[in-house]
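Listed next: structures, encoded as structure tokens.
In the two complexes that follow, chain A is the common piece, with chain B as its partner first and chain C second.
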Partner chain A sequence: MNAPRAARTRAILLAALLSAIAFELAVLAWGESPGSILAQLFAGTWGTRFGAGQVLFKATSIALAGAAAQIALRAGLFQIGAEGAIAVSALAVGAIGARLPASVSPIVAWPLLALVAASVGALWTLPIGVLRARFGAHEVISGIMTNKIAGALVGYLLARGLAERASVHTAPLPPGATLVRLGPFPGSAANVAIFVAIAVVVAWAWIARRTVFGREVSAIGASDTVSLATGIAVGRRQIEILALSGAVAGLCALNDVMGYKGYAEEGLSSGVGFTGLAAALLAGRSSVGLLATALFFATLSQGGLSINARIPMEIVDVVVALVILFVAVAPRIDEKLGEEDRA
Partner chain B sequence: MTDTAAVLLDGIEKRYGQTRAVDGAGLALFPGRVHAVVGENGAGKSTLLKIAGGVIAPDRGRVLVLDRELRPATPREAIRRGVAMVHQHFMLVPTLTGLENLALGEEPTRLGMLHLSPLAADVERLARSLRLEVPLDVPVARLSIGERQRLELLRALRHAPKVLILDEPTAVLAPAEARAVLGLARDLATRGVAVALVTHHLDEVAEFADEVTVLRRGKVVAHHPPGDPAIGDVGRLACEAVGEEPPVVARHARRGVAREPHVRHERVRLRVDDLHVDPGEAGAGSPLRGVSIELAQGEVVGVAGVEGNGQHALELALSGVLPSRRGTIALDGADVTRVTIADRRRRGLAWIPSDRHAHGIADELPARDVLLLGAFDEAARRGVVDDAELDRSFAGAVKALDLRPDAPELAAGSFSGGNQQKLVIARELRASREGRAALVLAAHPTRGVDVRAAATIRRSLVDAARDGAAVLVISSDLDELRDICDRIVVLRGGAVVATLPPDTPVSVIGEAMLG
Partner chain C sequence: MSRLFTLAFLAQAVRIALPYLAASMGGIWSERAGVPNVALEGTILVAALGAVAGTTLTGSAWLGLIVGLLAGVLLQIVHALVVLIGRANAIVSGLALNLLAAGGTRFLLRALYDSSSNSPAIPGLAPPASTSLLRATVLDPTTWMVAAVVVGTIVALERTRLGLRVRAVGEHPEAAASVGVPVARTRAVALAITGATAGLAGVWLAFDQRQFSSGMSGGRGFIALATVVIAGWRPLPAVGFALLFGVAEAAQIVLQDQNVVAHQVVQALPYVLTLVVLAGWVRRARPPAALGRP
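Right, the complex of A and B next:
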């Protein structure tokens, strides 16, 4: 029974090795020394408390977006619409949060705004599920389209009055609506939203494995025709799962709006939805894996900033893309090597 | 006939997880012989022959094709070396035509454009010479099961293979079609081809095979060379396959399974009235044109017919996969014509589907989940699934149906075809055992299942009727229908053309089927 897990571990190690080689080659091609670039990347991330805090802050949003993707993938669905849900939820939390009384207590503000974030995210991706379940429209296409709409809508609403006069962002949240920063990482944006992210990732793993809902969703992911034939409410589950995924994506607003900026602005969390999808694809069904890949991508992202003076940070993006590619092909390479061993 | 084996398998081992599918088995296929490989479900027959065809690489052991090792062990290399295989499951792209399917992998071109007409001429010539006529310009989805099987054979025989491996080629076919395929295998052997034939029908072995290998739990337990009288001895082969002296062995010994008159109540459980169904592109074969059937509580009714006369459309319409164009379906008096599959199941539908992969099992799910698919809440408390309860259900199925291997967490796709069918049977007959089933819709319930399990399944269907359900059995095995049914309706051209008592001779049923 452990053979597949061992094979997966081997594949990940192989992918890591290939990615490291690709990184070195890219840095060498830029005329820099890989060793010293890596040292600087490390120093700029895990080398200081500030750097480590920034990594944790970025990992929080990636983990939440990753959980959103992982939830949908369990049912065999690609949640491309997370990006839009994140943008719309952030605006809603910013706009509603700014209208709370200045003296609001965190005991009221935190749960209220978390509820706003989750329900706006869920409502935003609900149509994707309905289109898929009732009309057979592919969720990737609807996701791309709703992302476009979300981008335009956020810009429009900010321009038409949600933004503060003479600015491009909403009015600041009252102090009671902002999240507490993490003490050990002074100056960084790391905040308590990271515990929400961890809780969500772990809770989903439990729901997926242990509950009727999770088992039915896994069955749909394995075969929707068989699930339908055995009487599982496939359409309803698909709608529920995409809405749940949107709700989790919406929680990114806790980290970015309530934990970091204190207001919402256009493009605040842009790209996180897709990084999360990549993290989920790498992690498979594992919750520990998802937290690890979120940290990994966050490290590369923050590290890219710290080496930007010497090599363009886009090289880091290239490496990230190669990692995904290698992870996709590594199991096949491992299989081939195994076959030759036997022959 | 030569002394060199066309294919020689030696000391083959193949494991899946903790299970040894093949455990040190060997096999030699000689030119000019039909070599039958028999054994129970999960004995390792398919795995062994897939290894010969390069589809699966063995963990240990040698595969020689014409004295040279098969390397790399891929289907492509095997085909190149003259080993053709027809799989148990069709390997056809449903949206492509027959001809396009045959062209896959070779795609003849002219001026860079796909150019199929010379191929078409070639294939038609081959089809005529082998008497394997199939419409080549129609999407495979619209072909009947028999036609698809002929297409698979055509593809295998396209390049005049030296070795032909047939994995349960007759399991899905009507008797006449099955005989045609076996006759073809015989002809090819006389022309010097080495033929391997996996089958559960031991009478086919007696009639068409020269040589027999019996597998049990991954090992060769008997080998009968040409001329061995055991080849014609159905009872002895069955004993060897099962590994005991079973009371019920021969295919015909299952007669009289339960033909005592069932307790008959007058309550009508299924009423089908003037049902019209268009098969569409769903691969449902031919349409249904005004079928009316009524089944009372405790009744077992068989549906006979030549493949492609509306059986598949009937199955999919009753289950709720296909919409009905006209007419009504009522379960226990309630109109369910426009109701979803899930709602029909809530009203007491149990469905053993003919297409296991589309409607029966999901390969990657653990077997215990497949066993309770759609009914997880029965093994759950406050929405949380009790895995121990799933394991208990699984253990029950292991005991009742001799399900193998006893590995509840193993992916269902790793079970042999026959054991996958047992998983489906166990799931679908759960409700009827508790008296909750109104209608058991069983389409080809014993297809690809070994003799002993087939007998158990037939008994379970009769038990379901005794427990109060109405049972509708669609089958191409007329003996099976005559054994367990109270009456047999014959479908032809999408309509019921005859309703016959079960003791009607096969020849009379056959006449009604052919018209």
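Right, the complex of A and C next:
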């Protein structure tokens, strides 16, 4: 077990080094100094309570989307459909939340809306699992298609009555349905949904290692043909895992709708599904790793805003893309370097 | 309804379908060679910026066209390096390349034109906008390039040595290798063709809108991907479905003042159809056997 882990650590370090070099080159090409850009990026994020709060807020959604991806990856499946699940769940929470009585108590509203978020997310990704398990359709293709359908559906429903008159968003949630902001980070959108995210990430690590369900899912991820031969209901587990993954993705609505905006609108939290997948690919099976990569990507995303006046913040997207590519190819580079050492 | 049976309507439908046609041929080359390609969207985007940058830097639309195609090829060559040499998962690579293209083109847009939304206007190759839509479509050389790409793909995939090799490495790479077909090299060539053909979709888009604007691919790469799947990875049916989506969108545009169908319904059509095909006609829509396998 130690050798692959050491190889993985080497690969991650190698990827980090290559990404850092790419970042430096891009900044130098722009005519700026990498050190001072990094200092400004840091000052704009962890340097102030507001900046740190914004990072925590963004990390919450990335961690939830990341957990959704990690859950599916355990079974060897790519959950591309998280993006769509996040969009429809956010709309459902916004539309249903706005119809709750103005005096609703958080004791009723929070669990109710969390249930709405999770079940809508699960229902949305259920067809992806069914298509995969019953018809052999690749979950990536179905995921891309359902994401696009989700985007059109959300736009359609908002235009046909779910949006408040003369606006592009749902009516505001009653005060009892919004989540409590975190006191130490005044002005920022950081809210108690972050504890939900941490709980989900940790709970999945436990379920995956300690329950029969988790072990069966891990076995399917290792080899679905062997699993089938040993009597595991592979198709059924695949459907369950993609629905569970969708449920977790749907919980992003807690952070974005209940914790931040107080209503749902088109394009809210778009792209988070993919950032979450990237975080999960980097973190592997580790829950601590997932929370750390979520913080890392959130720092880059928030930091991009603080350096935008000096260098286009899109450099952050470029760096994230390169990190994913380098992490993907690093094991191979590491292997090649090892071969040369022995030669 | 009479507005649907005019030559101008036909021209509009074909124009909408042109980028789908070019990009779906690109998807077919890659996937028939066994390399999944979700990076068509990013390829369209970099080629569109390449076409505009090439045009503004050299002053020639023809050189812009070449730079645009090369930008598309470059992105797909990176895909080839990452997947074939780096042995990385092709889905991961494709998603990362889409992100790289989206962020990278916006970065370059600011670097080249100091704007976060769009480039200055370029002439393109099409006749001036004052001519009728039909004339503009027929006289546009890029229309005929897309047609050449479509015919070329249909013929080359079925009737040439390269096409046979591409299909062989996509169906059974071990068998292909055992009779001396260089698997990785054949796949790399297929991906370069994908870069040029999907890139042509981006060049067409930039020349049609006479500028580059941020995110201008607008999901066309994913519609092309849907087209590939619905068509069962075969070029001729892909032409039919690409044209069908063009007709649907054109009809929506013509009828929008009558509010017959919401544009979101037309927008979702290719994707819903893909899911239906995956569920129902799966035996007919069979992916290449070695799709995604090293």
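As a convention for this text, the second predicted complex is superposed on the first by the 341 of 343 C-alpha atoms of A that agree within 3 Å, B and C clash if a C-alpha of one lies under 4 Å from a C-alpha of the other, contacts with A are read in each partner's own complex, and residues count from 1 in each chain.
Keep this in mind: a residue touches a chain if its C-beta (ideal position, glycine included) is under 8 Å from a C-beta of that chain, and two chains touch if they have at least 3 such contacts.
Worth saying up front: this structure is predicted, and the values here are computed from it rather than measured.
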Once chain A from each complex is brought into register, does chain C clash with chain B or fit beside it?
clash
Have a look at where A:A219 lands relative to chain B and chain C in the superposition and call it first, second, both or neither.
first
With both structures fitted on chain A, tell me whether chain B or chain C touches more of chain A's residues.
C
Does chain B (first) or chain C (second) touch A:T211, or do both, or does neither?
first
Mind working out whether A:S227 is in touch with chain B, chain C, both or neither, as first, second, both or neither?
first
First (chain B), second (chain C), both or neither: which does A:L113 touch?
neither
Could you look at A:L322 and tell me whether it touches chain B, chain C, both or neither (first, second, both, neither)?
second
Would you check which partner chain A:F135 touches, where first means chain B only, second means chain C only, and both and neither mean what they say?
second
Superposing on chain A puts chain B and chain C in one frame; which of 94-102, 148-156, 418-426 or 472-480 is the clashing stretch?
94-102
Within their complex, state which residues of chain C touch chain A.
36, 38, 78, 82, 85-89, 91-93, 95-97, 99-100, 102-104, 106-107, 110-111, 116, 219, 222, 225-226, 229, 262, 264-265, 267-268, 271-272, 274-275, 278-279, 282, 287
Over in the complex, which chain B residues touch chain A? Could you list them?
17-18, 57-60, 71-73, 319, 321, 341-342, 345-346, 351, 353, 357-365, 369, 373-377, 380, 383-385, 409, 427
List of chain A residues in touch with chain B within their complex
1, 3, 210-213, 215-216, 218-219, 222-223, 225-233, 339, 342-343
Touching chain C in the complex: which residues of chain A?
26, 30, 78, 80, 127, 131, 135-138, 140-142, 144-146, 148-149, 152-153, 155-156, 159-160, 274, 277-278, 281, 312, 314-318, 320-322, 324-325, 328-329, 331-333
